[in-house]
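In what follows, chain A forms one complex with chain B and a second complex with chain C.
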Partner chain A sequence: MKVKVLSRNPDDYVRETKHDIQRVPRNYDPSLHPFEVSREYTRALNATKLERVFAKPFLASLDGHRDGVNCLAKHTRSLSTLLSGSCDGEVKVWDLTKHECVRTLQAHGGFVRGMVVRYCGNSFFTIGDDKTIKQWKMEAPGYGEEEEPLNTILGKTVFTGLDHHQKKGVFATCGQQVDIWDEQRSTPIRSFTWGVDSFSSVRFNPVETELLGSCASDRSIVLYDMRESTPLKKVIMTMRTNTLCWNPMEAYCFTCANEDYNLYTYDMRHLEKPIKVHMDHVSAVLDVDYSPTGQEFVSASFDKTIRIFSKDDGHSREVYHTKRMQHVICIKWSADNKYILSGSDEMNIRLWKANAAEKLGVLAPREREAVNYSQKLKEKFQHHPQIRRIARHRHLPKNIYHQKNELRIMKEARRR
Partner chain B sequence: MARVSRKNGNKKKLKGRCNVPLVGLGDQQLLYEEEEEEDSIDGGEEDINSSEEDEVEHERKRQKLLEGISTLGGKRKRAQGERSEAAVHMSEFSVNTDGGPGKVKMSDLIGIFEKNPAVPAKSRRQLKNLRRVKKSIDSPLSKEETEKIQRDMAFQKAASEVSRWDSIITQNQRAKQLLFPLSQEPAGPRPVERLVTGWNVQTPLEQEIFALLSANKQPFTDPILTPAEEASVRAMSLEEAKIRRAELQKARALQSYYEAKARRDRKIKSKKYHKVQTKAKRKEFLKHFEQMVKTDPAAALQELNKMELARMQERMSLKHQNSSKWAKSKAIMAKYDEEARKAMQQQLEMNRQLTQKLVTPLNDDYEQDEGDAGETDLLPDFVNDAVDGRDASNPWMKGKLTEEPTQKQLNDTMTEAAQVVSTVAAEEEELEAEETEEEALLREFDSNRKLHLAQESDIAGDVFLEEMTDDRAAAEDSEVSDCLSEFTIISRGREKSFKDTEVFNCADFTDGSAQLEERLVRIRTVEDLELLHHDPSAEPRHPPTAKDPPSEEKHMGKSKKKKKGIELKEVLTKETNVIKVPLSPTATDSDDPESKLDQRELIKEAFAGDDVISSFLKDKRRHEDEGKPKVIDLTLPGWGEWGGMGLKPPKRKRKRFRVKSAPPPPRKDQHLPSVIISEKRNTSLSLHQVHSLPFPFEDHGQFESCIRSPLGRTWNTERTVKNVTKPRVVTQLGAIISPMAEEELLKNKRAVAREGS
Partner chain C sequence: MFGYSLLQKSDPFPGPAPVPKDKLQKFKRQDKIQKPRRQHYRLKDIITRSEEASEMAQKQAARFDLLLPEDAGFLEGDEDEDTCMISQEDIADAVDITSGAKYFNLKLNQFGPYRVDYSRTGRHLLLGGRRGHVACVDWQSKQLMCEINVMESINDVKWLHTEHMYAVAQKKWLYIYDSNGIELHCIRTFNDVLRMQFLPYHFLLATASATGFLQYLDVSVGKEVAAISTKTGRLDVMCQNPHNAVVHLGHPNGTVTLWSPNQKEALVKMLCHQGGVRSVAVDKTGTYMITSGMDKKMKVFDVRAFKPLRSYFLPAGASCLSLSQRGLLSAATGDIVQVYRDVWSTPVTKPYMAHRVRGLIWGLHFCPFEDVLGVGHGEGFTSMLVPGAGEPNFDGLDANPYRSAKQRQEWEVKALLEKIQPELITLDPTELAQVDRTTFEQRHRDRVEALGFDPLAKERFVPKFKKKGRSSAGGVERRKKQVAHEDQREGGQGLMYIT
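Presenting the complex of A and B:
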């Protein structure tokens, strides 16, 4: 009998060094692969399951404050530095890589209401309940030197919010009115009022750097242009807005955290109607911060949870909570789009991953490819009930769960 | 009070005015309604009036009371009397507006002015003119209103300013992939010039210096580039420059490699090497020449002339004519020394080659035909390595083997049979001393060929039928006329490797022809060795060796004693078996159906125990049975009669209480013997299925095609997979992503402009 033997060129299957990957010849003829969809479905299902298995977002807790953390500030030039101000007037500078406090200073008597790092990263400003604005050096004082602010401005009223211009030596505060300050002067270069209200927060637009937004206690959001003498526009909502945050990639979009448990994304040109209402929290939303890519934002709520929303989505894609975390007062998304930092009532600052199941650190090329592939698979099969069920499953604390159900029922009843 | 009454009065007037046109229109209905309304209003008015009167009375009484009280004090207060007549001194406090007709308006004053005849006509005219020409200025708006307008203006401005980001934002929303940070600056220290840009001139000295620099158009913000240089830089974009540089680099590297190689080549002393080299060059040239004939005839003609010239020179010279001192000495030795003979032969060959007339393109066609037929049986050098122990069946492995085994093998085979025949040529040579070898050979070839042809026509019926098509034979016939030129070509590329292959062929025939044939085909496709191309000879065309003249066989006996190399002749004699080479592929083709049959039998044998068909039928029957309605027995034993162990309900009863349901509709697979159609829904599957069309898709087909196209590398090429699995957002590890800056806007504009152009 004749025996035919397959013979191939060894160049096609022998690798040059042992470090090379074994080459696997493939025939891509679709008629040879009748089960491709089901195979990919299984892969997608497995990827989804693994994602849930590896979803461990909580990284570290930074403790050291002796009162609730009232404000956080990202360093503009260093990823590993974080500043936090507490309700007892203490400011701490943290090294995030080592999870330790590198500097502590007693900045104010009473609350530290706001804090912001100058764009150059060499100094930072704090405001407090003692009606002062203080500018501090970023470096710790040398041995024997006293911890002293570079500048102190004594204001007439209490300041409640603070933000710094993106490129100029100009900052804005709010209290009874919104003030624009030049760093070189002790009086504001411009003050905006529109009725007698107290403002809770003010934010510079990071893209159109001359624009500002502020939230007033009369349930309104007011927009300003630094170059104009009057405010631009005002929108009054049904409940008070706590903070707002501009989208760093979309000049005219901002999102505000409201007392009515929702977040609203507005286009500043059309304030009549929000672009999107983001619902899911079951209590007042206290703070919001955009991811530096402008695709998502994170919100902190009085209901002791943190939620991550896609900017175009009405519902959150992620919820973070721990047993010990109390009302989350302030939240920040790190400048490399990888981490989330939250400061809460119970004196702790927590470090979270922005993508719960993401592997941290450098990925090998093949690893990255595998991750990309499974990501795409998950996207492709996201509408399949099993996959959706697994991908969307989250654990919630009991009371929040019940509250959520209650709210849902209420909403349905209102619709009827 | 007074104001209220006046208002009412006005209303009344209005109503009155209203009524007139309505009446004029004759709309009774409307009029009626209107009147009614008026009535009601009037009634209300009366009420108001009555209450008004009451109040006036009260007021009077109060006034009286007050007066009385004031008189009690004794001193009478000076009354703020009413103004009744003109007086020189008039108190400003005594002006009473209560009873008056309200505010005095400008128009009132002017009206008086006009009515008064004391006013001169001139001023009246002036007034008229003034009124006609100039409009009065509007009163300034209130503070709130002005602020509102200001705000509106400012907002419009800001909104329009912000709108310039529209395009870039929509672009980003649509983008398949977003890379962050947006401006990826190289890490490390920044160049000085960029630091300098932020620095302002302050002192007068600096100002002076910079004024000078700017006057001379010297760069000061960017100390490296002058405006001219900058312009040149702008002329060539960075990418272009990079590409250009890479090209230049490559060219330079290639040149240096080439030079180095040339140097090495020059140093090689081996004559043989250079000989081979020049030969290869000539080959190459010839090949090119053939192409050139087709593409650029003029150039080809020139080349042809050159070659002609070279040929003439060769013919004139005595080089390669075996007339040199060396050749003479060799000629003496040639009788005894094989090497010497070979050398001489080579010389002559060279001469012949050089003096040979070029083959014209006309001949080419024939040659190609010949080549096609001939090539099939030519074996490259490395085929000899097949005997090596590694993997004899894999032709790919053979190229890698060393030369040594081939040599050995060659020797072995030589001893066996091949060499026996080889010496014939030498013998002939001796015999035919006068003739040059070439001539002898040619004659030999010729005769052989003719013989072969004759035989072919005979044998075609049984052996060569499949392979040797008639037209090919015809072509060969026509070739006969040309055979001289062909044979010269054949003899030209006589090389050791060729001999080797021949030997190999001989050796392998013992194993079996099929394997060999296959190998030949394979190697043909790869074309590993250039040597193969050197002789597109028609060797295999010479089967007649089988019927070689017996005289030669007689010679064989003699030749055994002598030690000789391989000659053309001997090769030919050896080829008795080789003839079959070209036939082989067709032979295997014919084998194929047989082999298939074999395979089927084999499979049958392997799965002899499995009776698939009967099990399938059983399965089907089971399905059918399941589908059949069951008879329900509702008889209750003991109902209406005695019951107990061993007592059955009567037959009548059993019949009566047995419920038969209607037969089900006929099964769909009733007439399909090899199919089971199950119409039951499998719930375990539905758990995984999508039940409604998901949002972004518009119809089912879209969604299905999306699901059907696989993403993985099992089904797609590497590049496709990379493309398809690109993540939407890519960030750099450890890089700060700063917000979008104005530069992005500029970049975008530039990109748009580029697309537009």
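Presenting the complex of A and C:
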């Protein structure tokens, strides 16, 4: 007779000392783990609910400006520096880690219309209502020295937008026409016109660095190539575009923030139809900025909310609002993909998390695994009605909620 | 030349190690779904990627199977010896001392025949005598946890989710006790309970009463989830399907009915025997159901297709049935226990093992993860050795017999968080993972009604006649056929164009 009865040696299954970790033998046989789908569904439901519990995106408010914040500029080399220009001509440089203003300077007499940091990070340019372009040093002046611009260029007309080339010492401004300037010259090296009387913003393409896009007051968007002498293409829309932003990962895509409460993503090669129309705002969209991954973008609107959209979705995945935040004028997505900075009418700049429920800081390996697992579960079950209902739920201020319903009813009526 | 050929040495076994096919079959989940063929490129891409990831996970799990530490037990007789003639004492002598100690008898002849239950980890044993004696023991170390007499007759005992709580169905009501013997709850809405089953992943205690009621109690919140009036008389044959948490009840008219807490009627009614049903057992994968009846037959059914597979004749019928984790079936007749191997794959002629106990057998339960069968009878309790019954490799995160107190606490919290809602108990537990075509069709119909036209319908293909040099009749027919062929591949209105 040959016989073997199952007998386990406890030494193989129990830890040796209390300073070791516990032994956990695994067996992945599916018959030992029944109800896989139901248990995963329950875990996904819990993960979705917990995400809503931990969704606290507001981090800090930077206050110090004495008039509404008109424009923001990201420092190209430092993640913790932010520059902001306000409606009384003041420019402040902020340290985001300490939430403090490290430098203030009176740049212009009227509004600061645009600001941009040079690609090397050593200086920045500002334009104002007093028809000047000024270049400033990034370091604060030493003891006893006065704040003086490195360079001042006087123009003939008011400038309304400014952007700098990614690699060369060239910048573009827009006002009555789009001008390309060389830093060493005091007159533009090239001017583009297409029969329009004013432009509101100009942007360089971050990937194809010779391309530019601008928004004109005749409800059109005009595209230029710096190497050509005439503009490239124009697309005319129903209402005026306030700003546009190029996708930092896809060379030919840009998103424009329109007055008709929508954002339109275009492929510059096929301007007849937008790739996607992003609808969710209830008032004019004032500014838009892409995340450095190119997968999402954030939009600031006159209706006192910030919305985050995914680049292929027609509706927002997230909305941020506060009672204290009034019309949001400018918005930026930080270069480490984690934070959103918004400048608004009531003189405050707010720092938000891009992922509202994310835990910031260094995560332990097990924490990170748990977060990744929850994320994957939420994605897997995102279409189930109960989970979708919880994941989509956002609190909105009453007036925006009613306005949204009104707009929805109007849209349904038009469709019928 | 020699050095050059050394550099040219090739791997005699190129590529990754092959995975045996039967192992891959063990870990196989759903079949690949039919992908949408039209312009849904993103969806097709997502489905392809997720299927690739799933296949990779299945392969990795199949590879990991090699690393499992333990092997299952076995018993092989010599050439002229029959395994069913080998006695328990011989086996206990032949194996090592720890395994030999797993064969023991408890002589308890005062308090009536005993019902038996092992906890999910297999370490703790609960004995309930008919005349009121309840004892919980850590049977491997023979340590008595508690021993009480409830002063009433006991119909059934069951462990709850851990070894700290158990339920006793007493003469009138249902009681819940702590492992120290303290009465925690007396639940008066559950009266005349005859049999109980605990659904571990739902934290539900299903009870079958003498008045024909099937009631479910959620033991984590203490609420009665459902009370179903089965209208089939006294319910004293009950078992659960561990794969989908459906309760099987056996009736004196030979039918077995399947119940879920979401419906007031039975999910399925199967006629199994000509006489009454005496016992039912379902295997852990939820594929086979074994029933024994008053007509002295023991039948094996495929419970997914509800078809009978095999039928055996037992000269004296089987009053209790129990299935082990590795598919061994134990059947009790009077005071003899017989263990059969592979009842559903090959027709069985003789039992694998047999043993006679002292009194009339009242309860039978295989111990999880051990090669042990617990028999409760009129003279007490016998634990017998059945080599090859228990699953050799347990999963530490699910039911770990060697867990410490801290591990148990962590496991309990996680299990409570993952508790499955009773609404998800259906015949097919993977229903949630399938594409919901009925809802889509329903919504499509509503939309067509609301809009007045079908937005997804394609217009009839009208061939253009101005194609340079291709407007001949033959060319037009060719173009029509091409569109029809494409449409037919997608399952559309292809047939319309051929006319």
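Everything that follows uses one rule, which is that the second predicted complex is superposed on the first by the 393 of 416 C-alpha atoms of A that agree within 3 Å, B and C clash if a C-alpha of one lies under 4 Å from a C-alpha of the other, contacts with A are read in each partner's own complex, and residues count from 1 in each chain.
Rule of thumb we're sticking to: a contact is a pair of C-beta atoms (placed from the backbone, for glycine too) under 8 Å apart; a residue touches a chain by one contact, two chains touch by 3 or more.
Note that this is a predicted model, so its numbers are computed, not measured.
Participant: Looking at the overlay, does A:206 come into contact with chain B only (first), chain C only (second), both, or neither?
Facilitator: Once the two structures are laid over each other on A, A:206 reaches chain B alone.
Participant: Is A:116 in contact with chain B, with chain C, with both, or with neither (first, second, both, neither)?
Facilitator: The answer is neither, since A:116 touches no partner chain.
Participant: A:30 in the overlay: touching chain B, chain C, both, or neither? Say first, second, both or neither.
Facilitator: Both partners.
Participant: Classify the contacts of A:298 with the two partner chains as first (chain B alone), second (chain C alone), both, or neither.
Facilitator: neither
Participant: Tell me which partner A:93 touches in the superposition: chain B (first), chain C (second), both or neither.
Facilitator: In the superposition, A:93 touches no partner, neither chain B nor chain C.
Participant: In the overlay, answer first, second, both or neither for which of chain B and chain C A:46 touches.
Facilitator: In the superposition, A:46 touches chain C alone.
Participant: Should A:22 be classified as contacting the first partner (chain B), the second (chain C), both, or neither?
Facilitator: In the superposed model, A:22 contacts chain C only, not chain B.
Participant: Which partner, once the models are overlaid, touches more of chain A's residues, chain C or chain B?
Facilitator: Looking at chain B versus chain C, the one contacting more residues of chain A is B.
Participant: Based on the superposed arrangement, let me know which partner A:73 touches: chain B (first), chain C (second), both, or neither?
Facilitator: neither
Participant: Is A:8 in contact with chain B, with chain C, with both, or with neither (first, second, both, neither)?
Facilitator: both
Participant: Which positions of chain A sit in both the chain B and the chain C interface?
Facilitator: Correct list for chain A: 1-2, 5, 7-8, 10, 26, 28, 30, 33, 36-37, 39, 41, 43, 384.
Participant: Any idea which chain A residues touch chain C in the complex?
Facilitator: Interface residues on chain A, with respect to chain C: 1-8, 10, 12-14, 22-39, 41-43, 46, 312, 384, 416.
Participant: Would you pull the chain C residues touching chain A in the complex into a rising list?
Facilitator: Touching chain A: residues 26-27, 29, 42, 61, 64-65, 68-78, 81, 86, 90-91, 94-96, 98-99, 102, 201, 242-245, 284-286, 369-371, 385, 387, 390-398, 400-404, 406-407, 417-421, 424, 429-433, 451 of chain C.
Participant: Residue numbers of chain A touching chain B in their complex, please.
Facilitator: 1-2, 5, 7-11, 26, 28, 30, 33, 36-37, 39-41, 43, 76-77, 79, 166, 206-208, 211, 223, 225, 228-233, 248-252, 268-269, 292-295, 335-338, 362, 369, 372-373, 375-377, 380-381, 383-386
Participant: Which residues of chain B touch chain A once you look at their complex with the stated criterion?
Facilitator: Interface residues on chain B, with respect to chain A: 147, 150-151, 154-155, 157-159, 161-163, 165, 169, 172, 178, 180, 391, 393-397, 514, 522, 591, 595, 598, 687-691, 694, 703, 706-708, 710-717, 721-722, 724-727, 729, 731-741.
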